[in-house]
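As structure tokens, here come the structures.
Here chain A shows up in two complexes: once beside chain B, once beside chain C.
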Partner chain A sequence: MDLQIFALLVQDGVTNGAVYALLALALVLVFAVTRVIWIPSGEIVAYGTLTLAGLQAGKSPGTVGLLAGMAVVAGSFEVYACLSRGEAHRMPRQLALWAGVPLAIAAASWWLATFELPFWAQILVTLALVTALGPLLYRIAYQPIAEASVLVLLIVSVGVHFALTGLGLWFFGAEGSRTPPFSAASFELHGVTVSVQSLLVVATSLALITALYLFFGRTLTGKALRATALNRTGARLVGISPDLAGALTFTLAALLCAFSGVLIGPITTVYYDSGFLVSLKGFVGAIIGGLVSYPLAAAGALFVGLIEAFASFWASGFKEVIVFTLIVPVLLWRSLTTTHHEEDE
Partner chain B sequence: MESDAAVTALLEVRGLHVAYGKVEAVHDISLTVAPGTIVTVIGPNGAGKTTLLSAVMGFLPVQGDVRYLGAPAGALSVEQRVARGLILVPERRELFAAMSVADNLELGAFQRIRRGDRGWRDTLAEVYQRFPRLKERRDQLAGTLSGGERQMLAMGRALMGKPTLLMLDEPSLGLAPLIVREIFRIIADLRSTGVAILLVEQNARAALQVADYGYVLETGELALEGPSSELAANPRVAATYLGRGVAAAGS
Partner chain C sequence: MHVRKLLPALAAALVLVTAPARADINVGVTLSATGPAASLGIPEKNTFDLLPTAVAGQKINWIILDDGSDTTKAVTNTRKLISEDKVDVIVGSTITPNSLAMVDVVADAETPMISMAASARIVDPSNPKTRWVFKTPQNDALMADAIAVSMKANGVKTMAYIGFADAYGDGWLAEMKRSAQTAGIKVVAEEKYNRNDPSVTGQILKILSAKPDAILIGASGTPGATPQKELVARGYKGKVYQTHGIANPDFLRVVGKDGDGTLLPIGPMLVYEQLPDSNPLKKSAAEYITKYEAKYGKDSRSTFGGHAWDAYMLLAQAIPQALKKGAPGTKEFRAALRDALENTKELVASHGVYTMTPQDHNGLDNRARTMIKIDNGKWVLVK
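Here is the complex of A and B:
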């Protein structure tokens, strides 16, 4: 292996790793606040790519129908909840929030898809459509059982994963899609070719991570989510509603996954069921961070990307095996070094 | 207090039952807190004091009637009760350990800030004035504070929400005597702000000194009630809870 190839592999690994890092952060965030192990994150990634590909092809993407359908379901959940709690006066507001807003996003996207939008506008429509799925998923699948054990939530996650894969086939079809790169340009740096596309992917991920850092450190909403993750009872005592925290968390997580989908589109061909493998790689990164540490999760995801790149060079047939075998020593190391202590304030 | 018809009750509990599964922890309790007063519930460990406060806060399903601000509160969520100024400082403090003292206090005003209430910064200044230790340590993580400082932070965080009725669960638990005195001085001091306080304590002597009215809770039932001075003078209370007389209660 010469320097040229080494540099290429590192570049590949870092690019993929940057995408996995977004996923790993989404997984840590969702677990910390809601205790849900969010297996269906991969489907959201795939929806991101497929939505953008649909818009590229000049069609109204399947996400529009999916979002509208979920809005109707979530809306009827809210109507039922308001009626059974005897809070009919809250119904208009809740309906507007849970059904009105997503339906408006779906309608606007459907209308916008009839125009020939510039690439950046297509990306914005994709992000809006896919992000809007997040809170609806929480409302429909997780909020009704928010107090259940981690295991029950995990089982529900598996169910949601299968449901979303099936819905993906229904709404997007079986063909795979690839989106064009953001930039085909490249330049030489000390005899190594650097593609602008890779730089853009890494820069986008870094910008998102910085934005998240500021959001959690500086804004009241961000602090409220952290507080919920740290101490659920304490959060309720200051009046932070777990439902609100959950919906917000899933919105953020869906945004991260939608970004991952947009960024991964030019790298690999994505099918309706490709998401699972991608999310597993993000999951390995998140596990390296013990599902609690954001910086470790991001670093772990970057490591996964690098391992994957080098594995595909030396033993491409065993690429996935090598990546997922990584989790065994990581789990061993974590179980040996982590001390379990009683929750003390 | 009970004869004062002009004062409508802030909190009115009638025939409250709370059960964990089949085990009833609180049995047919009725109590009243009038605006601006300090009411204490004393009793031994395991009498159901903490259960009572958790139930009033909305954490536990209850049977019976809980009225707050003159309206039935049974159907309200914890968050809705907080929004109406019913705030609990729990026995376990429940602070955000990995966040700074300042962030903990800011989150205490979470609902007010979201409502656009700009007064929260004034409240923060008041809390820092009341607890100078918190001001000194505002950038420190809550998890690194001493026991007394944690209790102060928990009370400060509760005050940030501008309570109408502040419920304190064993504020003196596990603290050094000097700190306990300081905490009770602060509780007595809070009277001037007009906030009503429902104080649950094992430290009966200090609690009866600071309170206007008291209830004695034993194995989930009310054993006695009356103005604090009368309760303190009651021979049974004196013997069991104040350590005067034959049997000294050690807890």
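Here is the complex of A and C:
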């Protein structure tokens, strides 16, 4: 291996690692606030890329129908909840929030898809469509059982993962898609070709990580989410709604995942079932961060990306084995260095 | 009338309605319309939707199940089709691991099976159980030989291989090594990747450091574009070969202009318009593709659907012969159907001309392959 190959592998590893880092952050975020291990995050990434690719092909992406369908389900959940609690007066507001807003997004996207939009507008439509799936997923699948144990929530996550994969096959077909690069340019740095696209991916990931850091450190909503993460009952006592916190978390997480999808679209072919492996690698990163620490999770994800790049060079047949075996020493190290807290049931 | 009195009458009426003069022929199909092989299984499933529901005046029920590209599910489907639906013949599955696992089941039940998967091992004549098993796609060996011949003609001395880390990729690697050795071409690097891999930079750098004259990518569908795009990005100047697994419109869409100049062996049906009129396949392929594209859109053709069509062609010529020896649903009919399939002679189907023998349950020859090239996003016959 010469220096040039080394540099190219590092570039590859860092680019993929940056995408895994976004997913790791989303996973840590969701787990901290709602205790859900969000396996379907990968599907949201795939939906992001495939929705954008659909818009580019001039088709109305299947996500529009999915969003509308989920809005109807979430709306009926709300109607039932309001009626059974005898709070009929709250119904119009809840309906507008849970069914009206997503339906409006779906309708607007469906209408916009008929035009030849510029690339940035297509990205915005994609982000709006896919991000809106996040809170609806929470409302439909997780909020009714928010107090259940981590294991139950994990099992629900597996179910949601399978449902979303199946719907992805139905909406987007079996074959993969790519989106055009934001920039096809590249430049030479000491004899190594660096593509601008990779730099953009890394820069966007860094920017999002910084934005998250500021959101949690400086804004009231961010602090409220952190409070829920630390102590749900306590947060409730000081007037923070856990349902709202959950929905907000899923919105943020879905936004992160949709962004990842838009970012990886130009550098890799994405399939309806691509998401699972990507989210598992993000999960390994998140585990390195103990599912609590954002910087450690991001660093862990970057490490996974690098290991993957070098493993694919040295022993491509065993690449996945190497990446996932990594989790064993990490778990060992974590179980030895951190004190274990039994979960309050 | 009391319900209890009504029931026996109803049951009797049902028996009268459902018992026909002669039982229908039940064809059980298991294919991979979901899961990793979905891009292969879906055109096959689409093709079954085009098939007629009667052959030689005998009604045929196509019972189609999805095995999700999963070996266990394929075996379960096969058992269910045989024991519950009492099928006379099994068609499937889409991929080699599933088909290999089904061989034992159909042999025990003495039911003929026509696989739509590529590996020659499915109909290996040294295994007595394959007496009941036939397959429509070209053997990998036939296609690998075509690549070796083309490489030799292009002056290639060394080659590298990158393919799926699964049965498809491993099968191709083994066949290609054998064909390359015969042609005097050295395999200097072999790498693997998964169809969902976001990046193959590492593998491609490793391959490029071995400086091969040509590279073969052993993949199916759009995942075949991933190494190809990486090769172009790294400025590779040698010849790039693909396998027939990638030949669908989605591959062209994803690979874009990076695919230009790629060579691959294929069943001639894909480019039937470009075949000379003297080629018997031109007419038979046109019949299938016209039907398919009329329903699923222009240029929607895929060679995988052709494997399903050919299974139907084999059945359509075997069923009339078998009907003479037994009634559908009986052991005699299944045995006669097997014999008739084995006696197929010069049957012109979509992919090639089938001539079966007890030693060869695939029956295709060199007429079932041709080399094509991707030129400006189109498949072009290499003359």
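Throughout what follows, the second predicted complex is superposed on the first by the 340 of 345 C-alpha atoms of A that agree within 3 Å, B and C clash if a C-alpha of one lies under 4 Å from a C-alpha of the other, contacts with A are read in each partner's own complex, and residues count from 1 in each chain.
By definition in this document, a residue touches a chain if its C-beta (ideal position, glycine included) is under 8 Å from a C-beta of that chain, and two chains touch if they have at least 3 such contacts.
Only a predicted model underlies this, so the values are computations on that prediction, with no experimental measurement involved.
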item	value
Per-residue touch tally on chain A - higher for chain B or for chain C	C
Touching partner for A:Ser241 - first (chain B), second (chain C), both, neither	first
Which superposed partner A:Phe172 touches (first chain B, second chain C, both, neither)	neither
Touching partner for A:Phe250 - first (chain B), second (chain C), both, neither	neither
Which superposed partner A:Lys223 touches (first chain B, second chain C, both, neither)	first
Contacts of A:Arg85 with chain B and chain C, given as first, second, both or neither	first
Which of chain B and chain C A:Thr233 touches, first, second, both or neither	first
First (chain B), second (chain C), both or neither touched by A:Val19	second
Chain B versus chain C as contact partner of A:Tyr47, first or second or both or neither	neither
Contact footprint of chain C on chain A as seen in their complex	5, 8-9, 12, 15-16, 19, 166, 169, 173-178, 195, 264, 267-269, 271, 273-274, 277-278, 308-314, 316-317, 319-320
In the complex with chain A, residue positions of chain C that touch it	34-36, 38-39, 41-42, 165, 191-203, 205-206, 209, 221-223, 225-226, 233, 248, 250-251, 253-254
Chain A-facing residues of chain B, complex	57, 59, 75, 77-79, 82-83, 87-88, 90, 92-99, 103, 106-108, 110-111, 113-114, 142-143, 150, 157-158, 160-161
Parts of chain A lying in touch with chain B, wherever the complex brings them together	85-86, 220, 223-224, 226-227, 230-231, 233-241, 344-345
